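Per-chain numbering from 1; labels A, B and C assigned in written order.
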């Protein structure tokens, strides 16, 4: 065992990278849930995004196009969920599960010919001067664009929910869809857009795993990241800012356990590997005492009568 | 313009017809996808749905229906109780793994002793293992209000790590030349879940599945507990008004589904699979969710749906070896089935009417 | 000020199985208060929804100030100056007053400006409001103010008010009427929907009376007696409940020092409640919605357990017992919410009969259900209470509100309770059914049952109860004999104007 092999600078730097996929997926799901939709299909949309992004990036050689394709792929898949829950009025829990099972199947099928290939590298955005700073440079200023995009996205969602009319309408729909309908707001349209946004974000998060974090394609490679993203929304009490906090916490635990594995700590690998999931459960338990912040219409089916 | 109109009460005939309709639509859309992938759709569909039952090698495949169907049915019956009450155990895969581990551990502890008591003890241990694993989300939910969906699912990943640890560590076959995996129960008669009638596919897990179906049917239709389960799912406030204690119901539903999943895992490891190994679990716990819904959460429906899903597994394998259809295709096919089922379910509760176009 | 504002001619709207509005025609003049009077189910709501653009008429036309008026959605209606104060479903508990108001406006100013405008307008019309309070924490009267201010900020020409006084104390009603009079003096027309005749006689200039979807008559309320209007509204005379003299027996239910913490984020806690009911007595409990009625019922049904001694049934403490144990002893309840609380919507009437009657009617044996007996019990309820349904195997939600209510009350009454607690027994029920439900409560009391009737309908409580008390913010007023109580006294028991400031000068 050699704990000195763990470099705190690299640890913190990789924390940001490890946090990015669940951060982006969670902020998308947060928007969907604030509109009153519980989409349990995050895992399915992430893995679909992962393979869509991977294929396009490999075929075109452009990671950027890959990320765009991943967002489209995730959003397309989420539209299936929207179709089921908003138009066929199906149970949201069951539909979300269906989405995950379907997404896992579709992605495995699409990824047939892509196992073992390396994707084109996503360039790091080495910010001149800043990235040369000791410690802060590598930790904060020499990541790829998506890391910053994720943080910016959280800020944008936070501002949107707090300050804009669109955000107000979104919250109103999630809080009481009957009242929103009575005031003439298009509940279904708002939710459709929120679900699509959630899907696109999940797709991006998935692609980040397959294009940057791993980077290669294996079946089921998201390994529960989508579910952790869902837990993160609960952890954050449906507040955008706290999603960032939660993602870094989980990112930190993931990176730390990987580092401990590499350092050959006496704890068996399997126990270290299960730690992020156990921590997720622990955090859920701690946070579940405060349920009051959940949008009041979350998970309820809306059908305008009359 | 199409308009939805809520039916005064759910349509009885559509309740029975929607699963069939979903299967037919899945066949059509799936066939179209297969043809896009360069296969002859008719041939693929025939290979999956016809050949295992009536093809040249049907004598081999038919018993396989029971072997593959039994765990699906056992797990799905348990899940359906919870789903009916609005309690979402989606971590059956984890309970299945833990049931297999505890069942196998008890059996292996007695190795090489031979006694009739060993197998019943293994059954008990398997059920207890699955039950205990499901009690984790149950107790967290009742004590702290923690979401059982996320907890039960997280525990699948934990169980998978435990399985790996067991296969490489505590339960590893000491005579296995260092290969991962436990001793094989097929070579340990007292712990072997052998076929009851040779060549029939009928092992004790199949018997257990049939018993579970009957038990669930009686429970749901004739017993107050089953009534309370249904009531809780449909109108939770009315259930509390009726005197249902939500805590007890959660513990019962999660416990029962965990125990059944554990049983399924135990019968699998001591029979068809033979040993604890890293790749022991193949997703029965997740496919069982589809089975439960496809069977309309009704015991008899689940029996039929379980057999149908077993058919797609077997047919998928044949299509894989004969037509080169990727294994993932069948997984997607199963996911699609659940999708279409949820979509056509609309017809049960709503009428679709053509509304006359209105000036906007 | 006698120009016609809105003309409605021949409006028809049919739903499957029912014609909600059948060629309805009338006119609303500028600056008048026009009453729309009718029983539950007479088609008032549908008519209003058509004017507000929520529902499109099948045929017929509307004109607003001479121009064709056919709003495709509420937004369009609001743009042309039609505003509406809803009875239900229109506020967002988790948002604050200003946010709620912004949601009801087309182009709201920035939050800061909006807040000061809210202060200004609300003071101006005698309805002071703090724009930054969370709506979920407001009283029913204050919530209604939010809705009214929301409308007023858009300078409406026509203000639609759907049963606005059902959530107010008599004192609060007086404040509201002053505001409405001020509005009409400024030229705003008000379409006032109600079934409360005295109110309409005080406030309204004209009344249109709807019955079974048709407008059967118009009248000038000030010149028409309440009795005549009632006959026009109901169409036929029905028996009003007969009250027999009753001997009061022992104290059946004794509640002392009952306190229950609030359950939800916006619930009302019960605070130190004391009351007793004797056998053969009907205790009426009034109060504005949301002052602890639901909480009191659930504390008595056993859904929420309390201190063991806080609730005593026939002298025995039952506070810690659950619903099943209390039912076995003879303490039965019927909650307000029919669908989802008193009954499971998608279950058949047979299954719903089992919901509360399993023990007392002996419908199971060692946990195994006797479906045949359950069916015959359901049939008995259906027959005894004249529940209109094709049969007991029909789902609860397929019944009309009144019929389901009769079933729910009948299910408890037929189990011979020693104590029966009902909450809003006739809410949303047509007059004939309401009368028969009240009669059944009176008959039950005559047979020696102690009855607690929680209701927001003061007329109903005065009609049937022996003693009366009122809930106000989770506290129960002193309980006084019902006979001889004046409206003012009742209003004060209900909390008066709830400490709401009045700015009418």
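One rule holds in what follows: a contact is a pair of C-beta atoms (placed from the backbone, for glycine too) under 8 Å apart; a residue touches a chain by one contact, two chains touch by 3 or more.
Treat the numbers as computed from the prediction; the structure is a model and nothing was measured.
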Note to self: Starting from the defined contact criterion, work out which chains touch chain A and chain C both, please.
What the structure shows: B
Margin query: Centre to centre, using CA atoms, which chain is the farthest one from chain A?
Written below: C
Notebook entry, point to check: Using mean CA coordinates as chain centres, what's the chain A-chain C distance in Å?
Noted result: 45
Next item on the list: Please work out the Cα centroid separation of chain B and chain C, and write it as a whole number of Å.
Entry: 47
Next item on the list: Could you tell me the distance, in whole angstrom, between the mean C-alpha positions of chain A and chain B?
Entry: 28
Item checked: Sites on chain A touched by chain C in the complex -> 165, 168-169, 171-172, 175-176, 178-180, 182-185, 292, 295-296, 306
Next item on the list: Mind listing the chain A positions that touch chain B in their complex?
Entry: 40, 80, 83-84, 88-91, 93-95, 97-98, 101-109, 111-112, 219, 223-224, 227, 230-231, 234, 268, 270-271, 273-274, 277-278, 280-281, 284-285, 288-289, 291, 303, 305
Checklist line | Contact footprint of chain C on chain B as seen in their complex | finding: 5, 8-10, 222-225, 227, 230-231, 234-235, 237-243, 245, 358-360
Margin query: Residue numbers of chain B touching chain A in their complex, please.
Written below: 4, 6, 88, 90, 136, 140, 144-147, 149-151, 153-158, 161-162, 164-165, 169, 286, 289-290, 293, 326-336, 338-339, 342-346, 349-350
Next item on the list: Report the residues of chain C in contact with chain B in the complex, numbered from low to high.
Entry: 16, 56, 70, 72, 301-303, 322-324, 327, 333, 335, 337, 339-347, 351, 354-356, 358, 364, 367-369, 394-395, 397-398
